[in-house]
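Written below as structure tokens is the structure these notes are about.
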Amino acid sequence: MIHIAIVGFGYWGPNLTRNFHNTPGCKVKYILDLSEHQRKRAGNMYPDVTTTSDIQDILSDAEIDAMIIATPVYTHFDLATKALNAGKNVLLEKPMTSTADEARSLIDLAGKVGKVLMVDHTYLYTPAVQQMKTYIDEGLLGQLQYVDSTRINLGLFQTDVNVLWDLAPHDISICRHLLGERPLSVQAVGVSHTENALENIAFLTLFYPDNKIAHFNCSWISPVKIRQMLVGGDEKMVVFNDLETTEKLRIYDKGYTVLPQSDRDRILVDYRTGDIRIPKIPQFEALAELAKDFRDAIVEGKAPVSDYLSGLEVVEILEAADLSIKQKGREILL
Amino acid sequence: MIHIAIVGFGYWGPNLTRNFHNTPGCKVKYILDLSEHQRKRAGNMYPDVTTTSDIQDILSDAEIDAMIIATPVYTHFDLATKALNAGKNVLLEKPMTSTADEARSLIDLAGKVGKVLMVDHTYLYTPAVQQMKTYIDEGLLGQLQYVDSTRINLGLFQTDVNVLWDLAPHDISICRHLLGERPLSVQAVGVSHTENALENIAFLTLFYPDNKIAHFNCSWISPVKIRQMLVGGDEKMVVFNDLETTEKLRIYDKGYTVLPQSDRDRILVDYRTGDIRIPKIPQFEALAELAKDFRDAIVEGKAPVSDYLSGLEVVEILEAADLSIKQKGREILL
Amino acid sequence: MIHIAIVGFGYWGPNLTRNFHNTPGCKVKYILDLSEHQRKRAGNMYPDVTTTSDIQDILSDAEIDAMIIATPVYTHFDLATKALNAGKNVLLEKPMTSTADEARSLIDLAGKVGKVLMVDHTYLYTPAVQQMKTYIDEGLLGQLQYVDSTRINLGLFQTDVNVLWDLAPHDISICRHLLGERPLSVQAVGVSHTENALENIAFLTLFYPDNKIAHFNCSWISPVKIRQMLVGGDEKMVVFNDLETTEKLRIYDKGYTVLPQSDRDRILVDYRTGDIRIPKIPQFEALAELAKDFRDAIVEGKAPVSDYLSGLEVVEILEAADLSIKQKGREILL
Amino acid sequence: MIHIAIVGFGYWGPNLTRNFHNTPGCKVKYILDLSEHQRKRAGNMYPDVTTTSDIQDILSDAEIDAMIIATPVYTHFDLATKALNAGKNVLLEKPMTSTADEARSLIDLAGKVGKVLMVDHTYLYTPAVQQMKTYIDEGLLGQLQYVDSTRINLGLFQTDVNVLWDLAPHDISICRHLLGERPLSVQAVGVSHTENALENIAFLTLFYPDNKIAHFNCSWISPVKIRQMLVGGDEKMVVFNDLETTEKLRIYDKGYTVLPQSDRDRILVDYRTGDIRIPKIPQFEALAELAKDFRDAIVEGKAPVSDYLSGLEVVEILEAADLSIKQKGREILL
């Protein structure tokens, strides 16, 4: 039985708690939150869990195997360092840390103490992303050419990070998972309309080998909510609309073939379009899968899907994006 | 009666012909096309129009008041120069020319010969854009903050220009019209998946004073067709979906107010949402309005909406975008 | 404090339990279900509630003020009779009973014992229906003309009632609420494709005074799920799409005016269309409102919205619909 | 060369003219309309066609092979009788005639004079209906169970027929085409909100052998325009949305299997859902196909798809529907 402490019971913590509570082989022993209101709420929902505001209660409890950290990002490094040093396995909310150096330092430490360090990129466990991954691995889409994601809404403004640190981790981690390679460089622009100068609308581009490109449109100030990702290959293209309940994926048998160039004025392009298929994909809660993956990483030493390298790459790219935004879109090599 | 020659009867020429044919006070006398097939087609549709493949027929006909040029962009400068020198008024298809220098040269020449020089940015005459312009001028949206446009489809690859030169003129001219000011700088990225190295997917950003930003997503390789523009103000936001037939505009009474900052960790943002309104807007053909505007510019000396400054700015921005793409997104000051 | 027993913990029982559990002034003391599996599930979710399979436990407990009956419809009459005779207030799941005679008998008994008898027509408490009711009461729609509802999906086949008894109670109770009057007659058709001869697709029409008509399309065998109700007045029309999350209502400023008839061949109709408005309506859980309404009916003697007359009318109409279906659509006077 | 006279140049006549004008082997010689305005309009569009207001011009012109009648329905019988007696082939707009007796009389006459008599049920020639017909003929849908059509909008009120005579001919002729059999009986209800007592909202049901049912919801007073037809089989179901431009058909791999009944309380139903497929269907104008079919019927004696039996059945059903409406929904045997 893995004994677990949930650190942070704000927006995401209750979801983590519920899922680990329901995961066979896991037992939530502590819920930590600095707010008395949240501790009371947690206590009402989980009467058999101990609530606390003191991290020492958790660090010093030898029965605790794992700490799940869902606090503001600037606290991640300190909390995770303490947890690993206390011999706890760690699951960190996304983004992993505030800087890539912090992430690398945690990875080193996890190696030294021999504990699991994992980052919660929940999307990697969704049925839709897993299905797209299967299509790509099977070659269904042909040669990948682009990812174009729009993730906008009238959102809760974060007060410590900009819109890219809030929303783009989803897109970056999905891209890494689907493309299976590292971008060569990063480029971003964005503006802020608030006094704290944190961008509330921003556009991030990743350049990959072979003219592959990924572009993410992130905004907290859109009146409409859109969660749409286009993944284009030269054989087929997939549209992933996460706001649909049962029709999340559409596979377009559309593409084009560039024919041999016959004269300087004309590229002959053979357009074709075929059926559209909306596959039936299984319905399950991604976070429950992540919880099992974390458990199995601890118990069986299994490599988790959402590993620390994924967490590190997300932070590296966000760091580069910040640099690029400051220079109005200059390319930053990774 | 304005006597008109249509030069180029390919994709857009027939639409221009039909509209000028139906414009009171205008008479289409010539249709020029180098292709015999197109001349025959034009002749069947308009038996009383003279078809020709020789530009001299038009230039030397003293009765011709105006030449409407709907040929590939690289031919615009030469044809328009000849037309103006022959004392003809000129309407050029968008984009106006291949370079900003050419555009400036034509503007000078038009001034010297005292003839009308206009560019066909049809969108400026659409009911939806005119309605948005009215909202903005009346202050309905409050302080403008961003324009975010997606103009993607599985499109006809152009063989002489990239996707920005093909699609972005719409967005750039609409932005100029709505915002009424010139961007400070331009930034763009894009990639090509064909041998001729013309970008088929590209993202263009315009930076304006006061942290206003405009971003255009243009693609010929999207399986879905999207024509959506978000215009965000701090009072209201408008979504313009050009694929809707009767519900092109949606006005969102959504916004946020940044309250005085109370502490360093927290921006207090007051979210509010209200009704959505889908206004009834008039239904008319934009190109018919443009035809009348061209006629009135010739006959009455009226300043047209889609003027040469609009045409020039579009080309300046596209030129800067090309430069930025080559440098992987570096900002280009205008 | 109202002490409550939930009878039936199948599909809807858990929702009732959760809402009464959260209603101030209410305490769920018992959950009854004949299935051990369901009792165990209930016990896990509500450790402080007593689970039982014996109705006598509840009837004989003097502390119990109210029984909430969410069992198959054919058991309603017997259970409610016992409850009322034991001095309990009763909330019945819809439809109220299997026959109108049973419903009338329960109403009589409730009057005699002086207890609350209420039926759970949850829809009457939804924000969308309440908003429509307000519009109608304020005269916004003008003179009502029709209600046209489509309530279809690939559904769970009921095994004891046909599709009308399953789905139409929603439409009938909403209609009664909105129109505020009783239909003159009922007409229905339907067919069954299963051996038990219970209709799985059926169409129900209600005739009202002044040529008002209501029509309900109910199906368990549609591949698409639709929950759409059109409410048409001669001033405005409302479309209620219950599958939308935030845009459930659309108000159309569309209508027509019949002008004085000028000759026998021509009705002059003045068409007009205006804006469409999507009102912001509050978001709350309807069942929580119903729970409070039941509590207040018991404690304060307040007349509930979803009263027994509503329950009776639904059953009368369903009974008439069954008769009409057997006669292939013959009108049945109410 | 078939010489053709178009009789009636109101709403549909121009479409018929354009298509027969473009049909190889056909030549439109006359356009008849009683309105001088329409004749002038016709003359401008087709300068080489003779316009007239006198039917005798056409009847007495021996060169005329065919009359295409697109006038109000109450004039069909008289005009078609004259045309057939004058030895002309006849294409009648839908609905064929005002009464089934008239239709039968025309059919007899056409037989006697040996001329083609055809009715314009354009929908039978649409790519979507043809594709559905293919699916059904190939057994893709399994055993058909129901057709459920919604054809509503804020429409032009007809002044001589009710909404069923206006809109239901489409649904009835499609059903006949798809199911390939005759309904056993007809049932309808409807109401009028205008002084002339012509129903503006009505619901028509057709009963077929083996519990197949077809239901049509027709309205001129709906704020939203819907053109949706569900065709349900026990293997697959098709949704035909005629307002979609490229995604008119959706094929649902959804269905259910009724398992052997194990006890009286429970029908075991095995639900299954699979992929949804949106087939690529060809794009062509249905009316052009109908024009060719009429031409081939005249020239080659080929049996047309939209034959007079289809026209007769539509009128028989509409006649029965009127009778049923008068009796508030009573079933009328065909």
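The first chain written gets the first letter, and so on, giving A, B, C and D; residue counts start at 1 in each chain.
One rule holds for everything that comes next: a contact is a pair of C-beta atoms (placed from the backbone, for glycine too) under 8 Å apart; a residue touches a chain by one contact, two chains touch by 3 or more.
Just so it is clear, the structure is predicted and the values come from calculations on it, not from any experiment.
Undergrad: Farthest from chain B in C-alpha centre terms, which chain would that be?
TA: Chain centre farthest from chain B's centre: C.
Undergrad: Could you grab the centroid distance between chain A and chain B? Build each centroid from C-alpha atoms only and quote it in angstrom.
TA: Chain A and chain B have C-alpha centres separated by 38 Å.
Undergrad: Just give me the whole-number Å value for how far the CA centre of chain A lies from that of chain D.
TA: 54
Undergrad: How many angstrom lie between the centres of chain A and chain C, each centre taken as the mean Cα position?
TA: Here the centre of chain C sits 43 Å away from the centre of chain A.
Undergrad: Indicate the residues of chain D shared as contacts by at least two other chains.
TA: Each of 273 in chain D touches at least two other chains.
Undergrad: Using the touch rule from the top of the page, what pairs of chains touch, sorted by label?
TA: Listed in label order, the chain pairs in contact are A-B, A-D, B-C, C-D.
Undergrad: Give the list of chain D residues in touch with chain C in this complex.
TA: 145-146, 148, 150, 152, 154, 156-157, 159-160, 185, 187, 189-196, 198, 201, 203, 205, 207, 211-213, 215, 217, 219, 221-224, 230, 232, 234, 237, 239, 250, 252, 254, 256, 258, 261, 265-267, 269, 271, 273, 324, 327-331
Undergrad: If we count contacts the way the header does, which residues on chain B are in touch with chain C in the complex?
TA: Residue positions touching the partner: 247, 253, 273-280.
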